[in-house]
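One chain, chain A, appears in both complexes that follow, with chain B as partner in the first and chain C in the second.
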Partner chain A sequence: MPVGAVNCDSFAPEDLTMPVPAPRKSPGFSFAVRQATRPLWAVLGERLLTVLIYLCGISAIIFVLSIFIFVFKEAAPVLFSGRFNLGQFLFSTEWYPTSEVNVRYGVLAMIAGTFAVTGVAMLIAVPFGLGAAIYLSEFCGPKVKETLKIVIELLAAIPSVVWGFIGLTVMSKLIVQFTGAAVGVNVLNAGIIIALMSVPIIVSIGEDALKAVPDSYREAAIALGVTKWQLTWRVLLPAAKNGLLAAVLLGVGRGVGETMAVLMATGHAVHVPHSVLDSVRTLTANIAAELGEAPADSDHYRVLFLTGVLLFVITFFVNLAADLAIRGIKKQ
Partner chain B sequence: MNADPNKRFTETPMVRRKLCQEAIAKWIFRIMSASMIVPLLLILGYLIQRAWPSLSVGFILDVPIRGIKDGGIWPAFVGTIYLVFISLAVSAPIGILAAVYLNEYAKENWFNRIINLAVINLAGVPSIVHALFGLGAFVYAAKFGCSIISASLTLAIMTLPVIIASTRESLASVPRTFREACWNVGATRWQTIRAIVLPNSISGILTGVILQVSRAAGETAPVMFTGAIYFKAVQKGDLFPYRLDEQCMALSTHLYNISTQVPGVRESIPFATAVVLLGLVLVVNAAAIILRVWLRNRKKW
Partner chain C sequence: MTPDKHIEVRDLRLAFGTKEVIHGVTFDIHRNEIFGVIGPAQSAKTSLLRCLNRTIEQSTDATVSGTIKVDGQDVRKVKDLYNLRRKIGMVAPLPVGLPISIYNNVAFAPRCAGMTKKSELDPIVEQCLRQSALWDEVKDRLDSLGTKLSGGQQQRLTIARALSHQPEVLCLDEFSIAIDPVTTMRIEEVLKELRKEMTIILVTNLTQQARRLADRTMFLWNGEIIELADNDVIFGDQPKDQRTRDYVLGIFG
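Let's look at the complex of A and B:
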């Protein structure tokens, strides 16, 4: 670097706001130098604005923390009261919150329901989502790509209550017709709905992951004369596996956290499912269904908040894992 | 460059097998992509067909009658608009400034990583947990009660990540040289942001705002416990039927109520409500897409 050149990285524009020192008056010469000072209100205003921007910047942290604190605060009284047993809460399948003689709060059946629905959804959504991501990034032309991306964006925009309505009216009839199940609202129904809901996120994150593979990998493989399929299977998938894992994890997070669609499409029976045609209830649906009936400040109400804490913790770790997986690619 | 380099050599069985595999893989992936879209179109067609008997402009402008079993959806429609715009008024400034901080001020360090993680988590928190938070924080702790304000604030926090992500992406796409040029003529950081960065990234910011609208319009669970009401008597076509400290009806909760909670609703009404909600969301999203494409074509760099 030549002497006197300004190093751009260390050069911050704040340096320019420093007051320009008054020109030294030397005898005999007199220059009219206009001082580059800004009015006080502008300087203070900018300071204030910077503080405001900083506050907004950390608002996400504040909100996430306050979500946890407020939900936990509502749940805490029952958690630390003698009436409640955390082991029973997590490992019992008996959920009788309104029983007169023997109230029992066990959410294991609903945890099982949540994971059954999410599992079925991922069995459908992962192959289709990743397949579509591969098709988008490697096989199709630019026009098809643009159209598909728009369609996927619109697919992602459909509200969950509309998905639930579709499950309730369309999907349940189809399931009764094709499988002969007694009721159409069950694990399979909710699984298909959640799969359709989480496919867009899997496709878009998966496509990003494939796009992030350096072009030199592709060029090296093509120089060896491979076909696109061999390129995808042998080069891109191993190289992008972290990003693809993140895509799947975000899909799982979506499935675990989905509320309205599963509320309407799972059939709402509290028991551990034995087949995909059983009705279940998920953690989210349970809160949504019973929060309105539980009197405020009752044990039942607080246990529902505790279920919320459980959901928050599950999704937090799923998202954390996805984030770490994405960081993994960026470091490479 | 030759279009198909494999044809230049004699095909060995291995090459033939390779090409065959490629064709099969391509078709499998194509079918997988199509199988996400075709069912969607069929479902949409089915919904519209079932909704057809009720679907009209009058359906939107009418009020529900006979204990919401018949009639229109006007109170719910207006309620949704209230919720969307109030939540937008809260989340747009915070979200845009947060994105400005993340992209323009934040340094690449552990603190920035924590903020990013918080944004991702805020997007990933289940909607029902947002509802619990809204109930605990706004309805009880802040004593707003079940009201439009509580519901809108809950929605605003929930949709914040949408605006942050979209704005941030568009701020990042403004070339660094633009900023350097501005700094070199003596502008401060904020002057640069106001004069150069924000005007050049307005398309992405608008897209984020529009996506926030569509997201907020469709959310059900957070509204259900913080401000939505089963039924409210409203004059037909009344534009300002609610006060901010009142509960309101919303399209999404209305759809949930008439499709699961109330027996004996006229058959086409839930379908028509679903189609209106879906249409609203898709139109808003399509607007975002059109805006983005249009502004991208005008981009000067």
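Let's look at the complex of A and C:
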């Protein structure tokens, strides 16, 4: 029997036709008590609901699998065409998809770009996000909290193209002005933009995680004569670490997956960055920018889909690492 | 000889919002006595304890008036709040094992107070766990999580933790609610030992427990003191108030 199927053995149809016992008056109650029997529609309805919920549960798996299969199917022909070298794809920094004489598909520079932007973004977003979450949940008054939460939610609602626009116009000028970089659209710019985009996620999930810590922990620790900082550092953070880790990883996910804002803010140059002031291109931005130009079913088109598969694999490993980390924490 | 007043409470009133829950109570607690507090639910027993170490301020709508003096010092004017709380050990009704190791649970308060050397912490942890009758059960697994212990063990861990900062006053708020009778008896024996070193306030729903342990018992009802007297009066044939007699005998409440 498949998981989630309804067990039919425990339910015999005779149950439904059982005679309804006559209402009896029980001592002490002024109303009649009737032996409860469940009508047919309730029993069937419940079974239908079980099946529906089962379908909802496995739908996530179905969607993820079908997206992966579709993307892989588009990418597969080039993998086995003989014109393509997987080693070159992964380890070459040369991306010349439209060269007349020597076509090269190397995405190493874009992998480096993606990780550089994500890394810078996390360096900025994690301390800010977790700090804000701790402040919201433990230190600020109820009025400030309400206001801040509304503002932070607004921050989360800004479309990514607007963030990209800010990166392209405002941030790039500031970066040129303060660092003397030749171009303002670079790793630092995109990192800051992605950080600003992921801070609201980290704050709201982190705050939920801290709010989920039972108040009895706070009471117990406060009664022991510890300061608020000691309470936060030694009790609340250990108690909420799983949720806080989840918050950070969702932020990382945003950094890896964000496309529009980084397309506008990174400078879009295929180049392994040597400093945060170098322009880069990310895997996502590359797909967005080139897919429209690539002739359908050409090698170029298929390699872009292969880049999609690569992104899939990267996110899979990030999630796996997170899972293992959380399990490791739980075991302790 | 007049008894040494350790805690003096004068006309203490407490309100949550506009609802007053303690209506001006006045009493003294003597040094090194076990002071029983009995009374039905909603009689503000727990709130009274929370006024004592000022954790009541965690509830933002609470307003307190009147004075509480510990060692002659008004707790509401105290500058070093953390030091005050370290002087008063508090054990909550439901066990709270902090989500850190057993060792760290007990070492938590001393560490936060600035004691960091293992050579100083080890004897404290062992002594406190022995005093709370838990040492023999956990001495081989001090590194496992405090939250993994059973309810009764966690409650004893809570007591060990409350003892870890060597308090002068130990407040037990219905400590036996989650533990079995045998363990309760063991802890009661411990309390009889501890009273040589500290004053103990025992809030309990078990009138028999107050009878067994306390020197004096206060009967609190709806935020007012109905009667406060030596145990042989409260639990004797002739308490001053009929309600005390009824409550102790289990006729109401």
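Everything below uses one rule, namely that the second predicted complex is superposed on the first by the 255 of 332 C-alpha atoms of A that agree within 3 Å, B and C clash if a C-alpha of one lies under 4 Å from a C-alpha of the other, contacts with A are read in each partner's own complex, and residues count from 1 in each chain.
What we mean here is this: a contact is a pair of C-beta atoms (placed from the backbone, for glycine too) under 8 Å apart; a residue touches a chain by one contact, two chains touch by 3 or more.
Here the structure is a predicted model, which means the values were calculated and not measured.
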| message | Is A:L123 touching anything from chain B or chain C once the two structures are fitted on A? First, second, both or neither. | response | neither
| request: For A:L174, decide between first (touching chain B), second (touching chain C), both and neither. | output: neither
| request: May I ask you to decide whether A:L44 touches chain B, chain C, both, or neither, giving the answer as first, second, both or neither? | output: neither
| query | Who does A:G164 touch here: chain B (first), chain C (second), both, or neither? | reply | first
| request: Using the touch criterion from the header, give the chain among chain B and chain C with more contacted residues in chain A. | output: B
| task | Identify the partner contact of A:V318: answer first if only chain B is touched, second if only chain C is, both if each is, neither if none is. | result | first
| query | Now for A:V235: first (chain B), second (chain C), both, or neither, which partner does it touch? | reply | second
| message | Touch test for A:S216: chain B only (first), chain C only (second), both, or neither? | response | second
| Touching A:L224 in the superposition: chain B (first), chain C (second), both, neither? | second
| task | Applying the touch criterion given at the start, work out whether A:L196 contacts chain B, chain C, both or neither, answering first, second, both or neither. | result | first
| said: Quick check on the output: what are the common chain A residues between the chain B footprint and the chain C footprint? | reply: 225-227, 230
| task | Quick one: which bits of chain A touch chain C in the complex? Just the residue numbers, please. | result | 142, 214, 216-227, 230, 234-235, 238-239, 332
| task | Write out the stretch or stretches of chain A touching chain B in their complex. | result | 8, 11-14, 16-17, 36, 46, 49-50, 52-54, 56-61, 63-64, 66-67, 70-71, 73-74, 127-128, 131-132, 134-136, 139-140, 148, 150-155, 157-162, 164-166, 168-170, 196, 199, 203, 225-230, 232, 250, 253-254, 256-260, 264, 284, 287-288, 291-292, 296, 304-305, 308, 311-312, 315-316, 318-320, 322-323
| task | Enumerate the contact residues on chain B facing chain A in the complex. | result | 5-6, 18-19, 21-22, 24-26, 28-30, 32-33, 35-37, 39-40, 43, 46-47, 50, 93-95, 97-98, 100-102, 105-106, 114-122, 124-133, 135-137, 140-141, 157, 160-161, 164, 180, 183, 186-190, 192, 211, 214-215, 217-221, 224-225, 252-253, 255-256, 259-260, 270-271, 274, 277-278, 281-282, 285-286, 289
| query | Mind pulling up the chain C residues that touch chain A in the complex? | reply | 53, 55, 58, 60, 81-86, 88, 90, 92, 94, 96, 98-100, 108-109, 111-113, 145, 158, 161-162, 164-165
